[in-house]
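Each chain gets a letter, A, B, C and D, in the order it is written, and its residues are counted from 1.
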Amino acid sequence: MVSFECDYIAGAHPEILKRLAETNMESLPGYGMDHYTASAKEKIKAACGCPDAEVEFLVGGTQTNAVIISTMLRDWEGVIAADSGHVNVHESGAIEYAGHKVLEIPGKNGKLEAEAVRQLLKKFYSDVTHDHMVFPGMVYISHPTEPGTLYSKTELEELSDLCHEYDIPLYLDGARLGYGLMSNESDLTLKDIARLVDVFYIGGTKVGALCGEAVVFTKNNKPAHFMTSVKKRGALLAKGRLLGIQFDTLFTNDLYFKISRHAIDMAERVKEIIREKGWEVYMDSPTNQQLILMTDEEMDRLGRTVVFDRWGIYDDKRTIVRLATSWSTTEEDIAVLADV
Amino acid sequence: MVSFECDYIAGAHPEILKRLAETNMESLPGYGMDHYTASAKEKIKAACGCPDAEVEFLVGGTQTNAVIISTMLRDWEGVIAADSGHVNVHESGAIEYAGHKVLEIPGKNGKLEAEAVRQLLKKFYSDVTHDHMVFPGMVYISHPTEPGTLYSKTELEELSDLCHEYDIPLYLDGARLGYGLMSNESDLTLKDIARLVDVFYIGGTKVGALCGEAVVFTKNNKPAHFMTSVKKRGALLAKGRLLGIQFDTLFTNDLYFKISRHAIDMAERVKEIIREKGWEVYMDSPTNQQLILMTDEEMDRLGRTVVFDRWGIYDDKRTIVRLATSWSTTEEDIAVLADV
Amino acid sequence: MVSFECDYIAGAHPEILKRLAETNMESLPGYGMDHYTASAKEKIKAACGCPDAEVEFLVGGTQTNAVIISTMLRDWEGVIAADSGHVNVHESGAIEYAGHKVLEIPGKNGKLEAEAVRQLLKKFYSDVTHDHMVFPGMVYISHPTEPGTLYSKTELEELSDLCHEYDIPLYLDGARLGYGLMSNESDLTLKDIARLVDVFYIGGTKVGALCGEAVVFTKNNKPAHFMTSVKKRGALLAKGRLLGIQFDTLFTNDLYFKISRHAIDMAERVKEIIREKGWEVYMDSPTNQQLILMTDEEMDRLGRTVVFDRWGIYDDKRTIVRLATSWSTTEEDIAVLADV
Amino acid sequence: MVSFECDYIAGAHPEILKRLAETNMESLPGYGMDHYTASAKEKIKAACGCPDAEVEFLVGGTQTNAVIISTMLRDWEGVIAADSGHVNVHESGAIEYAGHKVLEIPGKNGKLEAEAVRQLLKKFYSDVTHDHMVFPGMVYISHPTEPGTLYSKTELEELSDLCHEYDIPLYLDGARLGYGLMSNESDLTLKDIARLVDVFYIGGTKVGALCGEAVVFTKNNKPAHFMTSVKKRGALLAKGRLLGIQFDTLFTNDLYFKISRHAIDMAERVKEIIREKGWEVYMDSPTNQQLILMTDEEMDRLGRTVVFDRWGIYDDKRTIVRLATSWSTTEEDIAVLADV
């Protein structure tokens, strides 16, 4: 059996485990005050071309979204997101737990369109009763999106311009950011993203780390007393070294980008197999997740040798099946898939 | 100038003021422990044909929705509502402030369709990742709805059956309940509602009271230690008599129903005027609110003698105008409107 | 039977009911946008000698405390209060419901001592781990305090200076403010309070109104989008006129002060009776509440003609009994008490 | 330089790193559904002598406290804790963030005394206004306590009996549980604890793991839909294997107990050095933390070769210094300390 179930099926990239082992017995201060964490921050700021950025590390994606959104929104505000956005669907209400509404807009292939956001904003401010409503106080996008699509540079610029016009931050959830940046179809660099958005996170959990996400505040906008707010939300890791060392490793010698590229290469091979097999594509994706439609019979055959994810129900006969590659996908995995 | 702006433009029905004055100097215990409150509860239970119901009084509608929803939902649950539902749009995120998500469904003329709710419930339980999602734990409807439409008995029965099938409570927001019950098109009585829903409130603020809503728990389902939860939410009125005396008056000699009927009679007169004037109807309503479309010119003319509500923007040329009647609408008001 | 149970046993001062009746059928905008509310605000600002103050009306005391504290604190902050403070004991956790900690300090006769607050602040900032703690972000005092004592001008100045030194707001809960201001022992005027504190509320519920508290922001410090935050907490009254007309009446011709003075006069009579009867004083109070110690036998006798409050258990034999006067206490009430 | 700063200065026990490396490339399901997590649960249940217990893994201590307390308390309840309890002092208000009050009682050497808890409970239920107060709904203790003291079996039995008498759960925060269990002065076994408390956690972060705490529900009392509530709080780790493998290792061949015993052996050596040096003991501790009093001069000298924690200010001249041992303390560390 091989697995294309998701991009967090394996442990950590071996280089990370090696660094954890090498540094294991060093006495280090807790809560992210260690020098590995400091070094990781510097490397990430350099990679972002943003020397004035502020970087903080958190443990997981839902946690990061809840911490960022709830510390950056003001009391009377909510966050705009696509209806398919992770914060709107798959976080068990973590944003609402923090007291804020997700203002959903129908997305297009998982993406928020600037024009739709503009309509929401215009409508809100033209409504005479808007003091009785939740103010749109932030725009949330995921890149790659949940179904694996990508914003173009033009699309991101439009959202960025719109947010600045309305003076609200643009927040990019980069749980799978590496797989977006290294996609053949990406015309966005990490520096573009750092320039165009106000805050984003670089996902570690799905791109080679045991856990961990790196939040980048790009506009001198880190919330005051951020550590205390993180602690208040139960999100402060005592051994901050676990996050610092992992990200220091990922941002040494471009490891983050190299392993992301590997996943894309493997995904291109998966796409070839899909074409060869004649499996029906549900949504075309230039990143590490491929969504196809399968009947129960097809899934039975696939399931004999391959672990996959039932992403959703399509119709009475077909299920949306996800095949995900990652930094850990091997040639052997591909060979088994090709042999189905 | 006369006003058709909304249904809370006047103070209280004169009978209420009279009772407040008559009882004013009586020494009464606080927090709803007085005998007027007790009497009001008994009268409401009788009117509902539900002797085992439990009745509690709160101050306003948003407060009531937040208290009921947050004390009846469990931690992992959210509340299903129409996209146009008051809890989803016009409560500044009060439900989310209490930590719960509003699971919105596109409504039809302001109403939730049982079939759409069923699809959401089926989809939720068929999703293998539903442990990462907000569980649908209650269905919220408003009756009359925000644009003034009504559920038929059949529609309410379908929703009731569905909720019982999934073992989740059906909650009816009756901010304007009197205007629904006394509509010419209503085939639902108060007893029907008490039988079909699990909890609802009878609106006082918009139907003759200075303030106040009467919550009716119909299925022996009042949350434990409800008074403490109400206090915790800042919603416990010290002089509970203010609510008790008002509702005791409203439910003496059918006052609540009589004044509601008066508003419906006035609304029928408004509808005649709309027809005569040839004003375009936005949504046909059998209750006390009439929504029409007007150009700026038309609004200018109307505004010379009539106060009205700009309910929303329809298109570049036209605004949705609301003309609301209430218990306090007079023949003179109608005459002025007819003369526009 | 006469009642000295508490200061909210009666309805409203008759002048208020008269004004409510006179204005009852006027068409007025909702949510505090009416001219009575505007007038009340002006009168209160004048009475406070603070033309730049911002005044807002809310319904009840716990609600007011929760709204003010949670909109003025920042995410990482809590509120300092005496252990006996209303927010710490008798609000069912309303402050914590809003996500903030009450940092309690042992009080002295219900009062916070500036020196004790200073020690807490010094200790907090000297603690190297204070990033893991709740920042002291506001000082809460009640005046009169829960057991009826008063801050002197010197004591309030000390707290005010200390708060300004640490740049945190001083908040005064004036649920019974009138009874404090008109006490024979008060050396504080309303203008002093407006000058020395950053935000406070003038209690209506316990001083002649059916409901209502007037919040005064004295330092140009009303939270942004306050109405939306109020709505979000379920605290926005649709018929704001109910609050505006009541406070407009209370602040016309010094009614608020006159009726407060009456309660103090009555309280002085109660104190005389206590002395004459030889009842043991629990805590000496210069305001409208007198706390005495009684055995079960004494309470039995008192209870034959007088309703009173069992304030707390003192020891195995004695209960702390509260006798409260108010604007509604009459000569007859006093006569009955004297005859016990 | 050697470090006695705290018990989380090192990475993970080498055996844990070895297991992480060995299992690193295995494809495993996420969110704790892997077989290592299942195995860890079984081993912990066996160690607890509690085959019916339910075990769940979370990432850190504050997170665990917030998740457990907020999912087990009901809306109207708060948690009783010693004033020095971690939840009351050093979690930045995480419990209040979840909407619940910490009901503090003065502790004795960091411990809650059953008699003091009983007084609080009796007083609460004898108070006629307790519906306006926060109900005591759980008792929180830490074992070892924050300053390193231990409950005796008799003390824990008293608390357990009291909680059962009042039908509220007893929750034990075992962030340093190993160091308590292996103390020379402990008369409590893990099985005793599992029997006497309703829920507790076995700390990993401070006892050999990179991160992770194992929650044990001992009375068939795991909250319903616990995974969803964990997700809602941002506390669900995608790669649950990281927690499962670590605890599986710790509970194989008694590793958890052996490394805890090592820390106690090292602490006994530290106590000898303290005696030899004549350093003043602040509070006698039978566990891995020793608190002593030092002048600035003494700290200067100590600080030349030893990293330590300034635990608090004692008086104008002396600071409370903490010397902590852990599983990672070495003979060399002890030798350097002895040479100060």
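Points to keep in mind about this one:
What we mean here is this: a residue touches a chain if its C-beta (ideal position, glycine included) is under 8 Å from a C-beta of that chain, and two chains touch if they have at least 3 such contacts.
Please read all numbers here as calculations on a predicted model, not as lab measurements.
Any chain bridging chain C and chain D, meaning touching each of them, is among A, B; the list is complete.
Summarising the inter-chain layout, the chain whose CA centre lies farthest from the centre of chain D is B.
Centre-to-centre separation between chain A and chain B, using Cα means, comes to 41 Å.
As a whole-number value, the distance joining the C-alpha centres of chain B and chain C reads 33 Å. The distance from the centre of chain B to the centre of chain D, each centre being the mean of the chain's C-alpha atoms, comes to 50 Å. Residues of chain B found to touch two or more other chains are 76, 91-93, 97, 99, 131-133, 228-229, 231-232, 236. Within the complex, the chain C residues that touch chain A are 70-71, 74-76, 99, 131-133, 135, 223-225, 227-229, 231-232, 236.
Partner chain A is touched in their complex by these residues of chain D: 1-3, 5-6, 8-12, 14, 17, 20-21, 23-30, 59-67, 91-94, 97, 205-206, 210-211, 228-229, 231-239, 241-242, 307, 328.
On chain C, the positions that touch chain D within their shared complex are 76, 78, 89-93, 95-97, 99-102, 104, 123, 126-129, 131-134, 310, 312-313.
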